[in-house]
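Paired with chain B in one complex and with chain C in the other, chain A is shared by the two complexes that follow.
The block that comes next holds the complex of A and B.
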């Protein structure tokens, strides 16, 4: 279809609070936008959520995230890996007739894996940070960057918006778009920041007293986007009721808890074209807890703080191993000393592949530094010294998870409507340390439109 | 959508991989300029084969004392070039004016890997920032030498690595290279068939020459340096490394037949048009912030405009680490809108620095590679406070106040890459015939500025229009549309 011109669009939220400030603490945790039905195409790559963001220390004080000693206003920070998007707990995309197109619960937890797997340290400290002042490879840099109220303009990384295909907003298409954002609790979003000792041990700085609660606020929220305007003939075609369909990717999320050293999680995806599934883990007591980064993506942990190493992992469809017909063995026998364990390479490779095709992975925060605290960058001078440790990403703050691509060859997806997905994890969990598993399912959906309305089949 | 816009070029005229099985020969000539002065040089290209876009200009720069100067950190050796001109016969086919400024903007969209691994070697730039040595939550320049014997918090005094320090000696100096495609955006999408052009093809370079009273024009001297702060291109090291591609006879003849046909051969290409202007200074230092509306007409009438870039330099920053190539943010952000063909581009005036950065990123299809605090003063200023700009700037410095590079404070980098950009291409991709046709009225940029206490000196402003032109080669003669 011929495109005649491009228009810049902007819409404000349709449910503004009386003081214009959205916050969980203030009782305005829902933000709704409407993009009207029109005979134009939406360029999803251009869609940005924009506004102003600030964090406040207890009693509404301005944060002072500097090197000063811990006090009431120092250590009020959000996750540098997720950035401002850490305030978004759930995104729902729907047509103007409220036909749901995609719902992502725990969107911020999803980004805690998606962003660091596919963005390098430089990406976080620079190009992402220009649109998202809280983005940074080190938590202290992120914290310092939000000492002042700052503007942000961030993409919504949903499946529908990440596909790259233009989205028709007319009768023959989505018929307008409603976007609902649900904000996360302050205690999940905000935590302190870390500095590191010579040995790579983290020293946390967090506001005191913690029980008085820090919080965040958003204001001047808008959605900006580009609309492509077809020729008059094209607009007429978009408006005359017809039958057709479009396919798009979508994410969905399921939550479960693992506690035992050998446990199989059975999840009912209910999708017919599952492309990939990605899991990340966090000790359950660290969720909604100011004392801990609610977006950490470490390994399973026992309650004493030690990593509960995964030793074997099996992906299942129904009761059969799928798509790998073997167990991924990354630990070996439990009685072996740590230095004789098998490397985690295969587990991690599949995990990365579930986020982004492994062969195209050219930018990532994951490194020996983040996973194991080993500096792996060389300076540009003749001495080949390692880059100074404080300039690298945070040591021993891993980007860990599990995941698998269901259909790497045809990329049409695998049917999980009537069959459960399973993941069996054999680990060093001690049975008294519940860990949460966030499972994100990427699937292919089909939207069918007709004069009678639109229907989504997943 | 974009198929109809893709020019139908013979594959040998399009840079990039081609599906071709046959003989291909690449000859490299090291050309000396036929005119060679320290302010101008001219190369004449022989009529042979296709000119590869990877051909490079190489040169060195002489300063007044060894190891006392480096290039403006985000510009590199491009600061030595004032303008690049591609001529065929007497016609100017492409011209890139204010090349240092254009290159500074263009380069900021390369990844840090390219900055460090390629450009630093070729151009002597030092773009990359990283978390600072002292773990104070701030940033610093990365690829420079710090006093490694000091404690973490005291590793603050940066100097260029030895191989990037400039010298006075023509024989013992670093030599820099700039690719043809970087000098002329026109040649990003086009391989010139020199053997089919009857007229003489030449490349002219107008060099910048830094006198003692023009700091930051070509190089940045160490802070407090007492000698002459001059810099000049050394004519003895000026060369053009021209790569010519020759295919087998059948393929060369096929291209020749097309070019020599009655219709000839036409292709659109991207060119850069620059417009220099200024934002006026307040005559007196204002007690309270003073806002003003400044509109500027850009003479792009009749052109097919792909995008507009803007650069706002504060003259008082000439001596800073970015020299004359910084684009300095106002503490109160500029808000702007554009009017093209009597229609406002944005439904609302753009104020938010992050939104502006997003609009800028659309011009090149990728995010700008600089820290938030390099792009704007958003993170640095207390927007709620009253008082002068200097007070505001000190509220949350994102570079350590005592970190230096050649003695210059690295805090100079804050808000120094505040470029403006607006993309008009329909698909946002590099396909040509994709921009907006500007009518008789010029494009208007409507700026709202706020001058205040310590920032009232105005700005030197350069706008670049990336426009499409049409080149036609018929019977050996080249013509270019306006």
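The block that comes next holds the complex of A and C.
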């Protein structure tokens, strides 16, 4: 189809609060946008949520994040890996007739894996930081970036928006787009930041007293995007009711808890074309807790703070091992010291593969420094000198998880409508330390449109 | 890994340094389908150009690459007292907290393979047509595959290595005189800031190259004197000024002084053969140090698995394929490397080497000059390409020069090495033509290679029917060289009935 011109679109939220400020604390945790039905194509890669963001210390004070001793206004920070997007707990994309296209619960937790796996330290500290001042490879740098009210412009990394295919907004297509954002609790979004002693030990700085609560606010929210305008003939085709379909990727999310040293999680995806599943973990008591980064993606942990190393992991479809017909053994013998296990290569490479093809992994924050605290890095010009550790990504903050690509060859997906997915984890969990598992399912959906309306099949 | 001095696989190629050659045959072992000799050398060259920050991290985490010379906690070696080593921490290093080797979990593709190398353009291979595949791998000698984390620092056969450590204070011959078997004395090493032992206290990094159980030798900074052992390291610590202090036990009967007195700046080092073969237990050294002395260089691979994804096509597809194999035959094209090695007989002047390839569909040639004398010394980086006074080069095919004028290389061998732009562009073209994404041209003199793309735009060149040769002119060369010439070509497997051939 011929494209005549490109338009720059902008819409404001359709549910503005009276004072124009969206916040969880203020009781306005829902932000809704509507892109009208029109005979144009939406370029999903251009879609950005823009606005102004600020965090406030208890009593509404301005934060003063510095490396000095902690006080009421120092240590009010958000996750540097997720950035401003950490305020978005759920995204729902729907057509104007409210046919749901994609719903991602715990979107911010999903980003805590997606962003560091697919963006390098340079990306976080330079490219992403242009549109998101809270983005950084070190939590302290991120915290410094939000001492003032900052403007931001961030992409919405949903499956539909990440696919790259142009989206028809006309009758033969989505028929407009509703975007609904649900904001996350302050205690999930905000936590402190880390600085490091000369010996390399982390020191957490967080505002005091914690129980008075810091919070965040958003204002001037808009959605910007590019529209491609077809020729008159093309517009006529888009508007003349016809039958057709388009396929797109979508994410969905399931939540569960693991506690035992050998546990199988059975999940019902209900999708017919599952492409991949990715899991990340966090101790359950660290969710919605100012004292802890709610977007940490570390290994399973026992309540004493020690890593509960995964020894074996098996992916199942129904009762059979799938897609790997073997168990991934990353622990070796039980008597092997835990620190001999690093890095858990076979497990982690599959996890990366579930986010993006491992073979194409050339932009990622993951390193021996983030995973194991080993600063095995050279200077920027590759001189054989160790790099000064303060120039590296934050140590010992792993980008860990489990995951598997279901169909790496044909990429059409695997049917899980009538069959459970299972993951069996044998770990060093002690049975009294509940850990939350966030499971993100990437699947291929089909949208069918006809004169009678549109229908989504997953 | 095992051994003193923190040996590890060559940092240029990680664990794939350990795989020298490999061969893929059909399931009946009748035909060799693909074979690369000195695959580890090729990997070491390619990695240097294809790296970026993330890819280096990936290779570090999963493929056994360890680049840093800092001897704290590393991928291969644990450190009982923390990240930055412990000789300058309270108590220093003793037999109780000497660093120990880690077991790594490593996973990588079969590098340089067109059939099983993976990659974005990897094809599905029809195992039924070849009755399976067989993979043979030859592991590399540990002395060639590995090097110390601190490189040549403190390791020498003669004491003339400029990277030897040096004495910070003189020692008298009498200090070696023992009354009891366990009597020790100390020596102090300099922190020259560059090349010798740095330490954290003085703002450098910890690159102490010595281990408990090392036999220390001393030489002379003013005359070429015979090497002389001065004792076994029994402990390491820092003095008040933060300098490295070695505690030594003279490996000699009681009441025996050192062979010589030594003065400030005299070289201090260990012999590579002691690290490779271990040191024989001695009646003059307390038994507790014997296990450390006897430790020898080695590596162990265990639980080796080859993981492949498998596709099960419909039975009709398989039947059709078998009919094709048994009828008109089946053809599979794939990219691969072939190795042609040459040893240069002349040190200087115009050298010519033949690359006797008969390949008909060639993409590129990559020529790697290696030092002959550095191939079996653990103290050397065996995969390091040598510029060695190269002035210019030309490939020739028959009597035709490729390119049609010499490509200059002089700047690579200058006191401060720099690249010659044209040579670097030729090399980048050659690598790109092999499907290698060139992401890093920094420090190109340290990864000096000669390359030539023989085709463009995805095409190939026919190099059969005449002889390909490489002419390199040398002036002021120091090291006798050998060349690994890697031809990247499109190879064809032809299967007809029971007959399988590859060419």
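As a working rule, the second predicted complex is superposed on the first by the 447 of 458 C-alpha atoms of A that agree within 3 Å, B and C clash if a C-alpha of one lies under 4 Å from a C-alpha of the other, contacts with A are read in each partner's own complex, and residues count from 1 in each chain.
Methods note: a residue touches a chain if its C-beta (ideal position, glycine included) is under 8 Å from a C-beta of that chain, and two chains touch if they have at least 3 such contacts.
It should be emphasised that the depicted structure is a prediction, and the values quoted were computed from it without experimental measurement.
Looking at the superposed arrangement, the partner reaching more residues of chain A, out of chain B and chain C, is B. Shared-chain residue A:375: touches chain C; no touch with chain B.
Residue contacts after overlaying the shared chain place A:359 against chain C, while chain B stays out of touching range. In the superposition on chain A, A:242 makes contact with neither chain B nor chain C. Looking at the shared chain after the overlay, A:122 reaches both chain B and chain C. Of the two partner chains, chain B is the only one that A:45 touches; chain C does not reach it. After overlaying the two complexes on the shared chain, residue contacts for A:200 are found with chain C alone; chain B is out of touch. In the superposition on chain A, contact is made by A:349 with chain C only, not with chain B. Chain A residues 120-122, 363, 381-382, 385 lie at the interface with chain B in one structure and with chain C in the other.
Across the complex, chain A is touched by residues 51-58, 60-62, 66-70, 73-75, 78, 82-84, 102-107, 109, 118-120, 124, 151, 205, 303, 309, 311, 439-440, 442-443 of chain C. Touching chain A in their complex are the following residues of chain B: 1, 4, 111-113, 116, 120, 128-140, 142-143, 145-146, 148, 152, 155, 161-162, 345-348, 352-355, 357-358, 361-362, 366-373, 375, 378-384, 395-396, 398, 424-428, 436. On the side of chain A, the complex with chain B involves touching residues 1-3, 5-6, 8-10, 43, 45-46, 48, 50-52, 65-67, 120-122, 125-133, 136-138, 140-141, 143-153, 193, 195-196, 220, 224, 226, 228, 363, 379-382, 385, 387-388, 390-392.
Here chain A touches chain C in the complex through residues 120-122, 199-200, 330, 332, 336, 339-346, 348-349, 357, 359-364, 366-368, 371, 373-378, 381-386, 408-409, going by the rule given at the top.
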